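Structure first, then comments.
Chain nomenclature is as follows: A, B, C and D, assigned in order of appearance, with residue numbering initiated at 1 for each chain independently.
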Amino acid sequence: MIEMKGVNKVYQKGVQALANINLKIEKGEFVFLVGPSGAGKSTFIKLLLKEEEPTEGQINIDSQDITNLSRRKVPYLRRNIGVIFQDFRLLPNKTVFENVAFAMQIIEASSKDIRRQVPMVLGMVGLSDRASQYPHQLSGGERQRVSIARAIVNNPSILIADEPTGNLDPETAWEIMKVLRQINRRGTTVLMATHAKEIVDVMQQRVIALERGKIVRDQQRGAYGYED
Amino acid sequence: MIEMKGVNKVYQKGVQALANINLKIEKGEFVFLVGPSGAGKSTFIKLLLKEEEPTEGQINIDSQDITNLSRRKVPYLRRNIGVIFQDFRLLPNKTVFENVAFAMQIIEASSKDIRRQVPMVLGMVGLSDRASQYPHQLSGGERQRVSIARAIVNNPSILIADEPTGNLDPETAWEIMKVLRQINRRGTTVLMATHAKEIVDVMQQRVIALERGKIVRDQQRGAYGYED
Amino acid sequence: MKIRTVKYMFRQGLVGLWRNRGMSVASIGSVAASLVVLGLIITLVLNINNVAELTQMQFDSIQVYLNEGLDQNEVQEIGQRIGSIDGVQLVEYESKEQALKNMKERWGEQGYLLEYLENNPLPNSFIISMETLEDADGIVAELQKLEGIDEIKYYKEIIENLLKIAGFIRTVGLVLILILILVAMFIISNTIKLTLNARRQEINIMKYVGATNWFIRWPFVLEGMALGLSGALIAVLVVYFGYQYTFQIISDRFTVMVSAYMIGTRAMMHTTISMFSVLGAGVGALGSFISLRKHLRV
Amino acid sequence: MKIRTVKYMFRQGLVGLWRNRGMSVASIGSVAASLVVLGLIITLVLNINNVAELTQMQFDSIQVYLNEGLDQNEVQEIGQRIGSIDGVQLVEYESKEQALKNMKERWGEQGYLLEYLENNPLPNSFIISMETLEDADGIVAELQKLEGIDEIKYYKEIIENLLKIAGFIRTVGLVLILILILVAMFIISNTIKLTLNARRQEINIMKYVGATNWFIRWPFVLEGMALGLSGALIAVLVVYFGYQYTFQIISDRFTVMVSAYMIGTRAMMHTTISMFSVLGAGVGALGSFISLRKHLRV
């Protein structure tokens, strides 16, 4: 369960990225976060990960107030949340396999589990034959899929995806959406920031629309909603 | 004018990224390059910039064989081509303004021209109020737009865009497309790799479709063409 | 922490060294270079110190002039008494004839002057070697209680001057070595800092994925340690062969005498190996640890 | 290249230093540290060398023993003849009485022995100072042609030994300084390499956007130069004040005599300032230049 109460975020340069955000996302929900470029979607996500601190307000995850979480506990918070970062954040010195395995190594999974689990998720994102390549040897879409594989490999209780299909062709994008939907059906809360109008419209899930840091719409079974 | 004759590209790991590519793009054309993730679109573009060398074949730009171009002349080739990179490639230690200005400084433009031109293109991509921020202080879509601004600031004779709207909401994406179309009308050749089905379908321009490194379709006034 | 994690960390440390080998080589080079300089200076200082100590030992004796006209028995008894004083190591008898002969030898070219002497003005004497210099005053006090002794010659001033000079050299040397250790530590930790800085992105990403500080830190600390140790090893080899070579040249060019004053290569190595290993590995590990703190704060 | 581009490059060099100030500080520190060590050793070597030269000057004389029974005029004539030999700087007369007195003084505690002498066996003599040591053999040859001379005392061996030792010290010192210069160069260029490595991405991007190698290189070379110069400046200051302080301590603790043997602070500074500036700036610039090559190849 994710809950925000009166959250504000103002960056150094005086940019107000989020303004008075109040919302509640229940366990097992599938939520789209939409809004124009610079609306504050990534900032919203960064706050959940404690990559940025809110200027004001309180954030609860699973009834725990994370705004006052001690530095030492932050890694454990992050392990609970699988994240697909907008800029991928792959380790440049590790191969595709190692990048995904790393997420399992930090929770001290056994080599056996790693050898079983990693190829499986790489298969799910269609990268079985890229396991031994380094990130700089991958195409944009492939990098994005490695990031997806890493986010889901530990079966996290919350999955956050920041623009997970931005570099993917529609077909591959739908493959990925199927994977996310499947994970969601198993009980994982999914929060996905996206610009993919078609996907949002077809999926018919809850849509939270941000604009200039404010929630302008929060709709069950919504559509992307911006006309062009 | 861009011409490829029998171009092959095999990467170290034995990945065949491009296979026997033959094509010709005339001056002033607007061409979409489509295809699934990993099809070879970015590789195609990297060859034009001499970021990668073809394993086989010949590439001409403006009737000049660039496969045998000496190292010293590569920068001048690149200056002729404005590029929007898939991974943006912004200078992390320079502000938005400086990143765009840099492209003008390397061709030794006058400070007067720089002070006039840079704010203009930043306005065109909707980033006038972000000029003094550093790349890490920008949202994904904003970074992409800085990359676009840098690519067009010198009015290049060829404009290459690799997934220029991947991180943009549909509205902003269309703004950018208008800018590209406008530049194309002024006589600039535009080559755009993209997954944005809707954009390709609406624009009704030449479409070159790649699949596993091969050209599977080359169609005037085409559509994205993959059914989902 | 599980065993597999420990193994993972060691492996990662080595893998990190290899995948960033360009930087690793540069770092190891800098570490080695600063330790070589340190070795150079330590060698110099220790040797100068050694020479000072050996020289000092030569003046490190008390001469006791005996009264004229003692008979053999009396002389022997005095000798035995002296031998039983605490701190006396060795007692040697020098007759007045022997003393004149020695003096003539010692004066070399000017020795001929002594041939013009009417009679031998030198006394019979005992020459006493001490166990340690600190005992000198006590021994002199005991000697004064003995009968049959004319004068006690003790090169107090020379010894004190030598002690002063040796002390000064030792202080300057220690200060120098201390400065150099600090410099070496500074350069090594700076090098590690620059190495890590090039990988700050990597470290940040690890944090974002949920790795604890220690999980990130250990491989880097081990890597820093390995960097430092490798640099130290190179430095030890350079110093070892450099010293041996110099030792050889000095033995060849000058008399064996000079190299007798030098510390042996073996003894030298004990100092450098242990010191450099500790310095290299310690500063490498600590440097990594400290430099990481900044990057871990995300 | 247009003026505006030159201005741009200088500005970029400084901006680069500032925007990467964490790394800049680390680099400047390493440069300064290695130059300080170099300075330390140069100071030591130059001073030891100086002491050796001064000591040598004291033995730098020829003594001429005159025959017994020459009258005042004859002595004076010999004195004048000696004075007119090429290379002779100063001639001093020492009578046999004076010589004995001097000798007694010189022998100190053992001087009493000379009181037992039947008669004064020492001759009258002239003491000759030379302009340079190299003239010695020529002067001795001239002296041998003069009449009324009994013996020529020339401390040939001592001088030759001293020359040998001084030469050895100079060689060892030069080798040491050379090694240290190499080490300093190595550390400085390694540091620059590590600094640039952290910014390789930046350099690559510049190339991709169409910048020529020189356009990218100049700001970095200037930055490297500024790094090196800043490090050198710090090192000069440290060496300057360190030397002055040590000089002061030595003057205070020991007699003024000792510090008279040391090279003045001013003279010392001329050497270090020019040397360090050239080394710091040169190696900084060259290091940047060379390290960039790898990154520019895209």
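Simple rule for what comes next: contacts are C-beta pairs under 8 Å (C-beta built on N, C-alpha and C of every residue); 3 or more make two chains touch, one makes a residue touch a chain.
Worth saying up front: this structure is predicted, and the values here are computed from it rather than measured.
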item	value
Chain labels contacting subunit A and also subunit C	none
Mutual neighbours - chains that touch subunit B and subunit C alike	A, D
Chain separated most widely from subunit A, comparing mean CA positions	D
Distance between the centres, which are taken as Cα means, of subunit D and subunit C, whole angstrom	26
Computed distance of Cα centres, subunit B from subunit A, in Å	28
Centroid spacing, where centroids are CA-atom means, of subunit A and subunit D in whole angstrom	67
For subunit B paired with subunit D, centre-to-centre distance based on mean C-alpha positions, whole Å	62
Multi-chain contact residues (two or more partners), subunit A	none
Contact graph of the chains (line, ring, star, complete, other)	ring
All pairs of touching chains, each written as two labels joined by a dash	A-B, A-C, B-D, C-D
Footprint of subunit B on subunit A - complex, ascending	11-13, 34-38, 41-43, 86-87, 132-133, 137, 139-142, 145, 162-163, 166-174, 195, 197-198, 224, 226, 228
Contacting residues of subunit C [partner subunit D, same complex]	22-23, 26-27, 29-30, 33-34, 36-37, 40-41, 112-114, 116-119, 121, 176, 179-180, 183, 186-187, 190-191, 193-195, 197-198, 200
Residues of subunit C touching subunit A in the complex	1-2, 4-5, 8, 16, 19-20, 199, 201-202, 205-213, 215, 297-298
Residue ranges of subunit B touching subunit D (in the complex, touch as defined)	49, 51, 71-72, 75-79, 83, 85, 89-93, 102-103, 105-108, 110-111, 150
